[in-house]
Structure formats: structure tokens, C-alpha cells
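All chains are identified by letter, namely A, B, C, D, E and F, in their written order; residue positions are counted from 1 within each chain.
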Amino acid sequence: MSRNDGRTNDQLREIKFTRGWLDHAEGSVLVEFGKTRVLCVASFSPGVPRWLKDSGTGWVTSEYAMLPRATHTRSDRESVKGKLGGRTQEISRLVGRSLRAIVDTKELGENTIVIDCDVLQADGGTRTAAITGAYVALADAIAWAKKEGHIKANSKPLADSVAAVSVGIIDGVPMLDLCYEEDVRADTDMNVVCSGDGRFIEVQGTAEGVPFDRALLDQLLDLAVGGCKDLARMQSSVLAK
Amino acid sequence: MSRNDGRTNDQLREIKFTRGWLDHAEGSVLVEFGKTRVLCVASFSPGVPRWLKDSGTGWVTSEYAMLPRATHTRSDRESVKGKLGGRTQEISRLVGRSLRAIVDTKELGENTIVIDCDVLQADGGTRTAAITGAYVALADAIAWAKKEGHIKANSKPLADSVAAVSVGIIDGVPMLDLCYEEDVRADTDMNVVCSGDGRFIEVQGTAEGVPFDRALLDQLLDLAVGGCKDLARMQSSVLAK
Amino acid sequence: MSRNDGRTNDQLREIKFTRGWLDHAEGSVLVEFGKTRVLCVASFSPGVPRWLKDSGTGWVTSEYAMLPRATHTRSDRESVKGKLGGRTQEISRLVGRSLRAIVDTKELGENTIVIDCDVLQADGGTRTAAITGAYVALADAIAWAKKEGHIKANSKPLADSVAAVSVGIIDGVPMLDLCYEEDVRADTDMNVVCSGDGRFIEVQGTAEGVPFDRALLDQLLDLAVGGCKDLARMQSSVLAK
Amino acid sequence: MSRNDGRTNDQLREIKFTRGWLDHAEGSVLVEFGKTRVLCVASFSPGVPRWLKDSGTGWVTSEYAMLPRATHTRSDRESVKGKLGGRTQEISRLVGRSLRAIVDTKELGENTIVIDCDVLQADGGTRTAAITGAYVALADAIAWAKKEGHIKANSKPLADSVAAVSVGIIDGVPMLDLCYEEDVRADTDMNVVCSGDGRFIEVQGTAEGVPFDRALLDQLLDLAVGGCKDLARMQSSVLAK
Amino acid sequence: MSRNDGRTNDQLREIKFTRGWLDHAEGSVLVEFGKTRVLCVASFSPGVPRWLKDSGTGWVTSEYAMLPRATHTRSDRESVKGKLGGRTQEISRLVGRSLRAIVDTKELGENTIVIDCDVLQADGGTRTAAITGAYVALADAIAWAKKEGHIKANSKPLADSVAAVSVGIIDGVPMLDLCYEEDVRADTDMNVVCSGDGRFIEVQGTAEGVPFDRALLDQLLDLAVGGCKDLARMQSSVLAK
Amino acid sequence: MSRNDGRTNDQLREIKFTRGWLDHAEGSVLVEFGKTRVLCVASFSPGVPRWLKDSGTGWVTSEYAMLPRATHTRSDRESVKGKLGGRTQEISRLVGRSLRAIVDTKELGENTIVIDCDVLQADGGTRTAAITGAYVALADAIAWAKKEGHIKANSKPLADSVAAVSVGIIDGVPMLDLCYEEDVRADTDMNVVCSGDGRFIEVQGTAEGVPFDRALLDQLLDLAVGGCKDLARMQSSVLAK
């Protein structure tokens, strides 16, 4: 059995990071996982929300959204409908949590960074692309804040890097980084978020069709850890430029 | 190290199911996991949402909510605020997905069952108690619908049972079915939903503090599978009465 | 003519108060008027809303709501619809007003008590059960606050007790404490809130069918005053335990 | 004790009805109770809401609102805040209920009349002025519909007339038709809606300060019935023109 | 070609200003452009929004709305729908901007004036009537504030007056101050806001049917400037009384 | 006086159109006016809204929005706030109106095209860039629909092209196509929408500081018409590729 874009089962799609995609933002990255295209933008602002005032710690949060025609057919805007869908909020929370897992908020000081992840085009794996790109935008914003003197030069707000990838079981076969067409056919769908050192930050597996057993779960975890390792290498390399 | 209620690390809290807690509902169960108390109510109605009309398949969905003073301090009502929080929607979606994983909607016929899970008192593990209780209410509603002739007597809408439990790592030690006080102290928090035959329906693990490694993940999964097995036995026994 | 549960026309349904129904709340009562079951929970917090700061007076308010399947058929959640219905707000305001009529806010000091009345099962008279139960929860919260030293031991925040009951005219006959089935058949429906000394706090009568004359109104008021007197006696007795 | 506008205790303020205040509406009346000015507009449309289709009966409903500067100080618009206040909904429901009590919906046929009551200036008694004016606008809209052939000439959609007035106790003295200044000082506030033949449609009494006894309640009811009788006479006379 | 009310093409409808239409407001004017009737009410309050605190400058803003039956058929209330329509917000912004163009906020001092423009009856040109009437209400509120000592007697918060009128092209002929029937038939619709000295504050022209050329635009501007000049004269004369 | 990017007063910024920027949409264009970057996406769907059913005519509409960090500082999302701002709705309506002015909906047949204009980066003139880009996306979607047979090959749904540009007066000097920095300094701000043949579709001029006179208005109109002519040539050339 082969994949429709010729990849092997443990192969990522073509991954691209375009840093500095916007002119004003403190950090901005257009991340591409194949045809999935997410604009990740980090906005730095001195100060923290009221409930963190005088705590000496900073705050990192995230919002995820999709443009109405990111998908194959147009969806109504949540701003027009007047409320956020459950899926949107769930992913926004996941992205924020994933980033906070590798941020040392004491080292950040009383500063806030909001990372907006807007899906310009969706072809499966938008939440994992968002997390992976958001890390790069976050790193750029922190570098900017150090350069501008908002954060001390020797502080280390980033304890590690973070990347994420989806895995799934199609016709009994575990596969890495599903595109939309594969995602639709998958029996089990799992999103795994790893720190740069290969440990787990989030594991979210869902049986779409029949329940899955421990052996398949183990294979999916192996595949995902490998994919995250590759992504961490690419993040590191693109940030080194 | 010992737990403050004297349980062993792989021991569930005291679990109680009170069936038929309401007079009008087709299925209703007050489920208790220690001090956590969730009212799970299944409402049966003939017919399906528009997008399923004439498909021959039924629909099962769920809504989760908390009373304002279920918790230690009072929270504002979402109905008064005019919008659903992200957490509420996320759990509602999880409960619905977990139930649908063991429902054969063809066998259900064009009927709808909505399961409302209202947390009357919260002491950790409300979402896993909700799933575990919702299954019992669902089974009762299906039995009612068969008796009333809405579903054919020989149809089998339930492919299996479903139960859920939380596990976590406290001071490096994996523990089953965390109460609120334990949950607050846990480094890693995982919710596992299993089918009655011990396979996985959902696995959701989150590093609250530091990322966790594969060995700990494996221990958490073992613990959770054991807990779900115990819960499945209790569900089966309470439904046999 | 006889009532379907064998009561006489001036007889209340079976009334039960279960105090301390929740573990965390300062006051909590499950009140039952026959099959109508309302959870009344009083949350105490030091301090007052901004517009009462430094006034030396406290604040008591209430919120009323119904679980989706409290009734014979399921209703949509107001939190999901994103707005409170007129009926919900009207009853919330009534309960709050009724309680404030017997509270001496000077004696309460700058403290706030919110009473949540959540209808778990509805069989007519939910607003009157809510008021009657809310008083008991309020008394418990005040006792707690005295014991904890938030209110001075010799202060008297409760000037009197308060109870409420519904009355109605069915086939020309005035009857006390209507259940749902009777309520539907009633031509006139009246809710009466009385202080413990038998005076009126609220009188709300509505002609559902034809307008009613003064003679019937007088009979309804007599019946309601008698019912409230019985309820006041029960409240006093349950609080004495 | 005398009233600040020289009225006796059982005297209405100056009442004015200006019929046909708008050019397009089927019925429109500017009603004035002293300085209280409410524009009551009845909009007729053939057809009924879905839940009444093919029932052969019509529908009458009402919406009440206040302009932002109807009162002494400006209030925020409910349209800008994005939600209806509890008071607004409560009064809208009261006005609609009061009108439906005297409408024979079978005689109305499958037609809908919406009565909008917009308070242009408020000086106490806006809800009772709204009901009293709404009846006149309703009568005009029905006359229009008969003339236009939407309702049969010999049908009688109006079983009676309806009017409403407020009464209250100030310093122990019952008084009729309170203006704003009196309303603020009143211990007890009651709104009474009567049919043209002097029977009760709604009785809503509230103890603002201390509870009130039966003797005072009786005096208030006498006063209100007298006031409604006067209003009914004026309605009849203005409609005769 | 003649207009259905006999006006010449460059003639305004009958314009009326009734000052002091409300008893409580600091400035209130019922303005009529033929059958179009708008209640313009200016509410003065000392102090400014937070973002202007200690700036020494005041704030003028406006809200525009329509009663549900101002138009030929009834519209749903925006307060009931729970959101403001685009048209309502657009006109509110236009009225506020137009007034601020002639207000010297330094001279106003740290005071706020809100002008509510509520359309009681609509027959075309409601936004231009609103602006024209709002100026008169604003002038009255400022006079009141001077008399009460909120604004210094020698300060000049009004740099000029402001008026507005609509113009349009019907069957190729430019016409002034369109009524609803004419507005519907117009190919191009333009609203022009002028200062008292005849300069432009806003020019908003829209091709409803085919695009329009420069020659027609010039004719429309001439017509509008003439109309605004007439309105400015009337404003001045009514304020002189 | 010179412009900070060296342009002459009647010179456009660098204009770029990237057609086919998305893979799934029927028409998609990334349009750039200097640093202003708007993604214009046309979604074609057979059928029309209910109120146009069986009219034989099609429907074109538009929605405009900004990403939160399109601007120099981050703005809150309208989807999170739960309501659309007035500015957003105003521009959405303007874009839709401008496109409909050159569409022959009879020729379009009963089909709907929605054009989403999402500002990825804002540097002044976002609404005019949106209109100019939206036309190209619309033309592409119509070409697609013809190729797919949804619209007949010989039908002409586009009566002309449409483009828009901003003009303003800075220190008394009229200038074309303002960037953000210039826009902030401008006394008068005007947006002009022209058809391909140089006639006007919309003219919206606003005095930001002092009112402007006819001579300046005339100069602004000249400048804008010239700019639109240039844009029309570029649209035509990019569509010819």
C-alpha cells in the first residue's frame, strides 16, 4: 500500500518555515506542512494580565483560527456567527498549553506573548503545524525582546523546543503526518506534542472507527516521536540562520 | 507515600451508580466517584437531525456542564455570561465521541439520544465519571426504547460498554483516579477511555509540569486500563439488577 | 372532586428538606415539594459589589435555572443558546427580591450571599419550592458565617423567615400547591410569598383563561396564607435540628 | 398628606390618548399618564408562527422597551449591550399576556398582531400605561383588518377591553397611579390589570420595604379596580371618536 | 417631470424642529423632514471615558436606531436579535463623526455628550435628519451646561453648525431631499454633510444602479450644498428663539 | 514636500497581484498595495439565498476582516469578542456593493459568489486594496464556473471591471494611495471606487480635521480617478496572463 503523494509511512510531508513573513510582528512564521499553510505570529507586550501582576512571571497564550476558505468548501466565519466553535477553542487551548510546557515564565519576566495561528490553507494536520510553527515565532519574539532589552540577555525563557505531528491508522497501517484525504480515511487519529529532547507534552489519541489496542498505540507513539524529532531538527536549523 | 484517603495507588475511589434518579427521563443515573457526583440523563426522541434524515442511522450526542457551586468556590454561570467556555465544549465533545465509539447507529435506527451530564459536586475526575455514568444512562434509555417498541427487540445498538478513568503522576508515582487535591499536585494528568473489552477509545495525556517519558506513559496506561476494567465490571453488575 | 394524589384542596404535597446536601457550600438544601426537587445552594463571600463598597450593608441575590431534562421533555440549555430566557430571569429576580425582603443587610455587614436554585426535577411549583428552600440554605450560610467570625455573633441578619406556595383555580375550585398536571388545567394561577409572621412579600396572580373576580381572589389568598404558615413551621423545625 | 401634583389619593394623572400617531402602522397610539409617554404600535400581518399553522387561531404578542434617555439619567441601549435585560422581558411578557386575556384568537383567524410599546419618556407606571395604550392600538389594528377584509366583519376578536394601573402605599397611605417620585418612596408597589368588566387579569404586588398585611392589600385592590374602571371608560370614549 | 408632493427638484420637504420635546434631557429635539420623524436627545455628563482622562478634552458621540415600526413593515428589534446591524452602526458612526467635526473638544472641557437619534417614523433621509436635528439638541445641551456652570460661560465648544441632506438622481434628474418612494427609484444616492459655512464634512455617494459620471456628481454636490445652506439657516433661526 | 517612500503625489505604491494563491478556491488573489497585503478569495456555489430562489438572478456578496496582528499592535479577535465591529461591517458592505455594481446578476444565473477579503498585513488603504483584488478573484471564479459549465459560455456576468483607491490631503496637498503613516497625518480622507470606464461607483470623503472646500474635493476626485484608471489597466493585464 502506498500513499498518494509517494511518501513512505514514516515520512513527513515537505516542511517549510518562512521567518519574518510580516513586517510589524515581533515574530512571524509561515509554516507549511505540504499544502497546509499556517501563519504563526507572536506579539510581545510588556506587562501581564491582572492575575499575574507582581508575580514576577510572564504569560504565553495562543489563539487558533481558520480563514473561511482555508478548506475545500467555505465555512461561515465565527466572528459573523458571534461565537467560537468548540473545535477552535480546543485547539487554541492545546497550542497555548504546548508552548507553556517549554517556557520558563520566571525567566520571561512580567511580559506577555500571544501567538496567533491562522490557517490560510488546510490540508490535514493544521493543529500540529500550528504548534510547530508557533515555536519558531515564539523564539523569534523572545530574541527580539532580548535585543530590545525587554528581557535580560542572559535569561533563558525557553527550556526546550516543542513540535507536534499527527499519526493515524489507515487500513491497519500506522502512518505519519496525514494529509486531509488520509485523515478522512483513518480509523484512529493521534496528535502528539513532544519537547525537543523527545519527551511527551501532549498525547491525544481518538478511535474514529473501532477502538484500538495497545500494540497499535505503541506503533503510533514510535512513529510520532520520530516525526517530532525530525521537526525539532528543522526548527533548530531554521532558527540558526 | 500514602494517599490522603488511604487508597492504594491503583485503587478507585468508592464508586456508586443510582439508576432511575429522575422520574421522567428514559435513562438517568447519579454516578459518584468518591465526592464527585454527576447526574447523567439520557433523553430519547424518535427522529434524527436534518443531516441524517433518511440515512437509516441514529444519533447520540452529549452535553456536559457544572452547577455554579459544584466546586470549592462559586463560578459564574455560562448561561448568564452568554457563552460556553472552552473547557465545557471540549468535555461535551469528548463524552459524545466516547459514547458514539461503542454505539452501532445503524442498529439504533433513526432515533436520537442526548445524554446530559451535569456535575452536581466536583472533586476531580468529573469528565471520566460523566462518561462512565453516561453509558449506564444510555443503556437504560435503549432498554426503555426497546420495551416501548421504538427500537426493534433484537437490534443491538450497543457494540460494547465504555468507561473512563483519570491517572496521574504525583511526586514521580503513577496513581489511579485522582481526587481534586491530588489532581492539583499532579505533574502529568491523563484521561483514558476504554471499551469494555479493554481497548482504547481516547487517550489524552498532558504534561502539567515537565514533559514525561515513555516509561511513565506506559505505567499510566497500565494503571488506567486496570481501572477501566474495574469500572466495566461495576457497570455490568449495576445494569444486571 | 378529588386530586389525583388524594390530597385535600388545602393540603401541601409531601415536603422534604435535606440540609448539607453538598460538601463544600456554606449552605445547601435539597428541597422537595412532591416530585419537584430543587437544589438550593448558598455561597458566602466576604465583600460586596462595587456599588455597595463602604456602605456598611451586605448583598443577597439569587439565580434560578433548570436542568435540561428536569421536565417531561428535554429543553435546550440556555448556556448553549447563549441567552437567558425571560422566564428564568423573571424567577431569579423574584427569588432574590423575596429573600431580601426578610434580610437586614445592615446586620449582614459587607458580605455577599448568592443563592443558586437549580431545578433537578420539575413537577409544578418550582419557583415557590426554590424560595422556600433558599431560605433554609441562607439561614445555614449565615450560621456558618457567624461560626467562622465573618458576621458578629449577636447580629441578626434575618428579620423573619420566608416561604412561598402556589395556588390555583381548577374547575372553579381553589386548590393549594399545584403539581404540573393540575397547573396545566388551572384557570388562574397565583404565587404567594409570605414572611414567617404571615404577611405578604409578593402576590402574583394571573388569569390563564378567563379573568377572575374578587371573591375567588380572596379564597386563593386565604389558601396561600395557610400553606405558607405550614411551610414556615417546617422550615423552623428543620433548622432547629 | 397631599401629593406633589395636588391629586387626591384615588385620582389618576392626566390621561391622554393620541390615536393614529404614525402614518404607516395599522394601529398606533401615543398614550400619556402625566409625564409618562408610551408609543404603542400594533402591526398586523396575515399568517401565524409555525407552531400555530392550520390551528385556525391567531396570535397576539408584545414587546416593551425604553429609549435610552426616557429616564432621568441615560441608560445604555440593550441592542448595544447585545442582550435584553430581565426587566424588559418581564414587562414584554406581562403586556402580551394581558392582551391575550381579552382576545378571542379563534375570532382573530390565522393572523398575527404584534404590539410594540416604546417608552419615550418615563415618569412611573410605564408598564401600566403600555397595557392601557396597547389595547387602543390593538382595537384600531383590528378595525383596520376588518375594513381591509383580513378579518370577517362579524367576527369579535375582542372579548372585552383591558387596562392597568399601579397602586402603592406611601407612609401607610394607599395611593393610585404613582409617578416616579412617589414610586421611589412607596413601601409596597402593586400593578393591577383588569378587564373592562372589572375582573382581574393580573395582580402583582411587591413589598419593597416591610411585608404588608391583608387589610392594606384589600385597600390597594379597591383603589386599583376603581382606577382601571376610569381608564376603561376613557378607552371606550376615545375609541368611539 | 414632477415630484409626487409637488416640490421642485431643489426644494426641501417641510422641515420642523420641536425643541425641548422631553422633560429630563439636557437637549432634545423632534426633527421632521416631511414624514420622517427623528427624536434627537443630547445627554450631558461631567467626565470623559477612561482613554481621555486628564487630557483636558471632552467627548461627543452618537447612537442611531429605529423603532421597529418606523418603516412600512415591522422589523425585528436589534435588542431582541442580540446584535446591532451593520447599517445601524454605520449611521451611528457617521452622526458622531459629523458632530465631532464642528466641536472643539478642548473648549468642551472634560465632559461627555451622547446624542441619541431614534427614528420614530421613517420616510427617507433618516440619517440626514438625524444629523441636522442632533446639532440643535447638542447646542441646547451645551447652553444648559453653560448655564449650570459645567462649561465656562466664555468657552466656545461649537466651532460651527452642521447639517445634512440627501440627494439623488431619478430618471437622470438630480433631486434634493428624497422621500422613501423617491429613494427607492433613485439610480444614485448621495448623503452630504456640510458645516454652516458651506464646506464639506462628509460626502457619501453610491451608484445604486449604473455608475455615475463627473457631471452628475457635480450637479448633486451643488444641489446638496444649497440644501444644507437652507437647513443651516433654519437651525440658526430655531436656536435663536 | 516629498513622500517618505519617494513617490510623487499622484503615484500609486507598488501593486502586485498573485493569482491562484490558494489550491482549493475557485478564485484567489493575494493583492499588495506596498506593504498592505490582502488575501481575496472567491467561493462559487450553485444556488442562491432563499429570497432569490426562482428569480433567475445570482448573488455576489463579500466579507472583510483583519488578522489580529495585521496592524502595528495586536487587536482582539472579533470572533473572541463575539461581535463584529462597526468598521468591519461597514467595509464588508462597501466591498459587496462595489462588486455588485459591475455584476450583471441575470447573466450570472442562480449562482452565488462570496468574496472573502482577509487583511494579512495593513499599511493603509486596506479597503481599496480589498475591492481591487476582489475583482480579480471574482473574474477568476467566473472563468472557472464557465469552464465547469455552471455558467453558460456566452454569458457576460461582468459588465465592467472595478477598482478603488484612497486619496487624502496632507498639509494642504492632495496625495494618492496613502500608506498608514500618511493616513494618520491626513486632514481629509477619501475612498473612491470607479468602474473600468472611469465612472464613479462610490465616493466617500471624510473631513478628519477641518471641513474641506469644493476646490480640494475636485482635486481629490481627479487624483482618484487617475489612480483607478492605472489600477484598471493592471487588473486587465494580470487577468490577460
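Keep in mind that, in the parts below, a contact is a pair of C-beta atoms (placed from the backbone, for glycine too) under 8 Å apart; a residue touches a chain by one contact, two chains touch by 3 or more.
These numbers come from a predicted model, not from an experiment.
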What's the overlap between the neighbours of subunit E and those of subunit F?
-> none
Just how many steps, at minimum, does a route from subunit C to subunit D need if it may pass only between touching chains?
-> 1
Do subunit A and subunit F face each other with the same patch, meaning over half of the contact numbers show up on both, or with different patches?
-> same
Greatest centre-to-centre gap (Cα means) from subunit D is with chain A
Take the average of all CA coordinates in subunit B, do the same for subunit F, and state the distance between these two points in whole angstrom.
-> 51
Averaging C-alpha coordinates per chain, one finds the centres of subunit A and subunit D separated by a number of Å equal to 59
Subunit B and subunit C: spacing of chain centres that average the CA atoms, whole Å = 33
For subunit D, residue numbers touching 2 or more other chains are 82-84
Ring of chains, enumerated from subunit D in the sense that reaches subunit E first | D, E, F, A, B, C
Sites on subunit A touched by subunit B in the complex = 83-87, 89-90, 92-93, 97, 101-102, 160, 190, 194-195, 197, 199-207, 210-214, 217, 221, 225
Given the complex, residues on subunit A that touch subunit F span 22-25, 28, 35, 39, 41, 43, 45, 63, 65, 67-74, 77-80, 82-84, 88, 114, 116, 118, 120-121, 123
